[in-house]
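I've put the structures underneath this note.
Both complexes below contain chain A, partnered by chain B and then by chain C.
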Partner chain A sequence: MLKSRKSEVLAAIVLAGPFVALYAWMFIYPTIQMVHLSFQNAPLIGEGTWAGLKNYTKLLSDRTFKTAVWNTAYFVLLTVVPGTAVALAIALMVSRLNGWFQSIILAMFFVPYVLPVTVVYILWDWMVNVQFGVLQPVIALFTGKPVNVWRTIPWFMPGVAIVTIWWTNGFSILLFLAGIRNIPKEIYEAALLDGASRTQVFWRVTWPLLWPVTVLCLTIQLILQLKIFDQVYLFSMGGRTQVTMVMVQYIFEQGFQRNNGGYAATIAVALFVIVVAVSVLQLQAARLRRGT
Partner chain B sequence: MRGFLRKALATAALLALTAGAQAKETVVWWDFLGGGDGVRMKKLIEDFNTDHKDTIEIQATTLDWGTPFYSKVQTSAAVGAGPDLMTYHSSRIPLAVGQDTLTEITPEDMTVMGLSEASFAKAPWAAVHVDGKQYAVPFDQHPIVLYYNKDKLAAAGLIGDDGLPKGLNGVDNFAAAMKKLQDGGTKYGLATVTANGDFAYRTFYSLLCQQGGVVGGDGNWLPGDNLQKMVNAVQVEADWVKNGHAPANTDYPSTVALFTTGDAAMMVNGVWEVPTMTDLQAQGKLFNWGAIELPVLFDKPCTYSDSHTFAIPNNKGKPQTPEKHAAVLEVIKWMEDHALFWATAGHIPANKAVTDSAEYKAMQPQATYAPLTANMIYDPQSKFAGVASPLFDAAGNALTPAINGEVDVTTAVTEFRDTLNDLQ
Partner chain C sequence: MTETSPASRAHIAGRRGHFDAGAVLLTILTVICACLWFFPIYWALVTSFRPEDETVKSMSVLPLQPTLDGYLYMIRNSNLAIWYVNSTIVSVSVTALVVLLSACCGYAISQLRFPGRTALWWMILASFMIPVPALIVNHFVIIAGVGLVNTHLGIILPMLIAPVTAIIYKQFFDSVPKEFREAAVIDGANEFQLLFRIFLPMNWGITTALAIITFIGAWNAFLWPFLAAQDERMMTVTVGITSVQDAFGVYYAKLLAGAVLAGFPVTAAYLLFQRRVTQAITLSAGIKG
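This part shows the complex of A and B:
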């Protein structure tokens, strides 16, 4: 008995070992290094000097950091729930189609997801270009004159949010479609026999049974959008980057453009804490909603 | 066993020796030249490789201009994974030296290449030196110039007897000229990048210098009345936008498009757009055009310029072998000798032997604007200045809204100065 237990432990170590070693080397060690670096006055590359809490006190009074936190939060607000809602709506519509027609429509929604961010940027930058953009007549309907979306501060974040939802929605739609197909047909038949209206069917059957998928989508989106960088960086290049700054962009700016490795690590630690806190909160909230 | 090992080692050493004698030396090359000038650089590299079929091969990679290029160079050199040779903006050299990213170019290197101070124009030669040491070899100078649509200017009576634009000097005259062009049915008098304050900074810096102003340096930016002079400079462009002479919030590609489609009669842009015009005209898709030194809007002629140079990264732990180093020097020397072709990309070669040649003096519009090298101003030597630097960033942030009338110009320029003074 004892012997077989011992061999089980050995087998467990052999099987889990490579992963644990890789994980420790590639994730845990760098994380510790990052925290260590945040207490130093260090360049991007090379040795630093111990700075104690200086980076952290600087962070608290840093105006651009506050802007970055606010913009990131605003962006999350603009994309996570609206994006998931749009994906759910599209998935519900697509699920009513059949055969090859469904495949084509689904592909149309999924294609943007395959594009690299630079292509997405160039596409949208040209579509809303203030001189030649095809969308400017639409914008002019509301404003009376062409607007440079990427240089007009109140337009910037909503603009990037729309582009992001358009770009990343395909994945959430796929997840929702899989979820919808997993709901047994009998439940719908039973509900219809009981005389449920379509609204009732959605709220009493589809919505609760899709909830796990919804939570998954929201979580993926939340973590992804907290790390927003590429789109904001690309659309704001050469303009008012300090006003439209988001957190990861600020890490990039401090680390790679200003050569402040220590301070960049401090911002990274702050982002890390925020991501962990928000993820835990969201999981708890999701559990509450499920009533367990 | 030991005998075997010794034999094996000896064989390996022998192989390495013979391989070294026969193998081609490769030079890994990085540049950031992605536009019309990039096409011409690729041709130069091809020609070099053909010329050195048995001895040296350049393996070139073009990376993204600006911050991506410079972060990659800095990080890769620090771990010994940088290229053997790269293009570099002279304005970025002070920062690179502070980060220990560049290898010094020694006087012996210069002797090997047969080049010296006398071979180069003054400004780019000065710009590759930090604390008396040389860190790069100047290749060209690339100022901004005024492109003009000759047909439109002629119709508006703005072309003189010498065939060049006239009546553009002075802020008021320039505005009047733009109005005349617009009255003649052109949408805009001038296209210039108004959506990016960092790009427009090149114009502001020129206009600041035209008033005899200086931008200052670390800890003391825009000192004294230079603040007011910078306000005057930015105000000029803000007025162009306000009065409808130049389009608001317009980005780089649109600026070029507005000019090449004839919607704007003039354009302020870098000499690197010359190949765009040359190529379009060769396809019969462009009007008659030209490029001249920026008009004197204030007191004296002055134009912003930067310089492309060749630099050798300081690859930590992997210093170049003497053979590799010799090959790198050969590449630089060859490029300097063939800089005449580079001039077709619009850039003004730094090598005086080229700019003094009859071929260059016959090249148009290059020869027309080349004399502006006498009135050039480079970025101040500071680790915060240069292309894609904190200074450019600050200009983008503070000055973009001022150009487009969203913020008062004095407020914006003051913010610009304060941001720079806060840098440390």
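This part shows the complex of A and C:
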């Protein structure tokens, strides 16, 4: 059928219309507005004045912005590769088990993933509470004294990274488990007949065959963690937020706490460019891999 | 997940029934890791049933004097009940609307020929790249512009963007054999009957999976509800339980009781529908790759 039938077009308008309208209103329009606002000197709500490139030149010399970019990058570094490695290890352990035993163990590893971030925050804030936290004796083994994790700058980002890995790892675990299940059993049998050891089987069979899943986990995590806000905001409440600032948090601070809508939009554009650039690079890399 | 995994089966084949100390050790290690991983949740549960003075005095494995005081205090002295209602309204609305809008749009792109179809498809695919948290300022401007700040609708609207759900529906509808559609069209069915009587019922499984994962996501959403609900009585549970902290100082039994109540619906949804959650996650990840 080359020509669209009239009734079909009408049905399409009714069916896809609401989705498209919402999309235009909540996605495309704010994206265009964000760019527009970034060239203005404007409060959060209300009229602004044209500022040209002023916000952008300010951004380049803004020390807090540099801190936010650096902290975001640091957080990505602390979570993406370590988190994926931990997820792979857990998936390998869980995949050896069977039946209800496997279901229970998997649920124990997965449940944190479905919890709200504020619950995760309250849980871990209690775990490492400087006076009564159950983990403080463990920390004291290394440092000799209790540490106020969320108020000690060098401990803050690694602390949040560990909590984040604990919280979000379920996602990657499921992907790895699916990947492991897709490896044909014959390959393992052949490898064991040839007398391969457990470590050899891992490095020569499992690891190369899981590589595509690993890349998938890494890219999803990378794009997700660039958008970090919730945990960093919650754990830094009442602390020196200027030092532990991440990019989305800086958008929030400038826009909602300092009423600089225009400058907040400029920071948002910067984040936007970074995330889109990373996504495009990742898509290109995926295309290259498929091509060869 | 019930069948023998390849690794363990290969294992049995390789060792031919000998007692394998390595395998037993690995299993023990797995159990220990799982217990350590689960420990924070266990510890939160235990603490939430302690009397307040016991939380700071004792690290016993179980509460020495188990009590519901923390829970009762939260229910009586905070807005928890109202937050629960707000969370339910927001999450149920978001789930129903996302599933309905995406199913309709996915059906249109999959089954109908209309001008702009390819453009719409590419637009949805491209929208993965857009980081939604970057849009908070402009979402707020839009919602404030229509006077919806501090309303349920204002919280719901920006949370309805769900390209992944539409894409998954499109792919599932693509795989429905053409004969079903042709036969129904000959019988005089219109597009709406086709969608709601044939295509959706044939894909109930995926609808359940998408609904559960959307519900969990909406219940857990923090950033936007936190910005849009400025009055404490408009907050969702996820946002509200942190405002309790400001008010109470350090009363961990109460705080953790609140946390347990906030996490309960999503945990229950996961435990009841484990396989559907797994399915939804694997599908959405497949699209992002």
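The rule is short, and it goes like this: the second predicted complex is superposed on the first by the 254 of 292 C-alpha atoms of A that agree within 3 Å, B and C clash if a C-alpha of one lies under 4 Å from a C-alpha of the other, contacts with A are read in each partner's own complex, and residues count from 1 in each chain.
Going forward, a residue touches a chain if its C-beta (ideal position, glycine included) is under 8 Å from a C-beta of that chain, and two chains touch if they have at least 3 such contacts.
None of the values given here were measured: they were computed from a predicted structure.
Trainee: Mind checking chain B and chain C on superposed chain A, clash or fit?
Mentor: clash
Trainee: Applying the touch criterion given at the start, work out whether A:N129 contacts chain B, chain C, both or neither, answering first, second, both or neither.
Mentor: Both chain B and chain C are touched by A:N129.
Trainee: Determine, under the contact definition given at the top, whether A:N259 touches first (chain B), second (chain C), both, or neither.
Mentor: After superposing on A, A:N259 lies in contact with chain B but is clear of chain C.
Trainee: Counting only touches as set out at the top, which of chain B and chain C does A:I45 meet: first, second, both, neither?
Mentor: After superposition on chain A, A:I45 lies in contact with both partners, chain B and chain C.
Trainee: Once the shared chain is lined up, is A:F27 touching chain B (first), chain C (second), both, or neither of them?
Mentor: second
Trainee: Decide which partner touches more residues of chain A, taking chain B and chain C as the two options.
Mentor: Greater contact footprint in residues on chain A: C.
Trainee: Tell me the contact category for A:M157 with respect to chain B and chain C: first, second, both or neither.
Mentor: After superposition on chain A, A:M157 lies in contact with neither partner.
Trainee: Between chain B (first) and chain C (second), which, if any, makes contact with A:G239: first, second, both or neither?
Mentor: first
Trainee: Under the contact definition given at the top, report the residues of chain A touching chain B in one complex and chain C in the other.
Mentor: 44-45, 129, 131-132, 237, 256
Trainee: Note which residues of chain C are touching chain A in the complex, please.
Mentor: 1-11, 13-14, 22-23, 26-27, 29-31, 33-35, 37-38, 40-41, 43-44, 47, 55-56, 59, 101-102, 104-105, 107-109, 112-115, 117, 120, 123-124, 127-142, 144, 157-158, 160-161, 166, 190-192, 195, 216, 219-220, 222-223, 227, 237-239, 241-242, 245, 250, 252, 255-256, 258-260, 262-263, 266-267, 269-271, 274, 277-278, 281-282, 285, 288-289
Trainee: Which residues of chain A touch chain B once you look at their complex with the stated criterion?
Mentor: Residues 43-46, 125, 129-132, 148, 150-151, 237-243, 256-259 of chain A touch chain B in their complex.
Trainee: Of all residues in chain A, which touch chain C in the complex?
Mentor: On the chain A side, the touching residues are 1, 4-5, 7-9, 11-16, 18-20, 22-23, 25-27, 29-31, 33-34, 37, 44-45, 90, 92-99, 102-103, 105-112, 114-119, 121-124, 126-127, 129, 131-132, 134, 166, 171, 174-175, 178, 180-181, 183-185, 188-189, 191-192, 198, 201, 206, 212, 215-216, 219-220, 223, 226-227, 229-230, 234, 237, 248, 251-252, 255-256, 261, 264-265, 268-269, 271-272, 275-276, 279-280, 286.
Trainee: Where on chain B is chain A touching in the complex?
Mentor: Those residues of chain B that touch chain A are 67, 71, 74-75, 78-79, 99, 195-199, 247-251, 254, 257-258, 388, 390, 393, 396-397, 400-401, 404.
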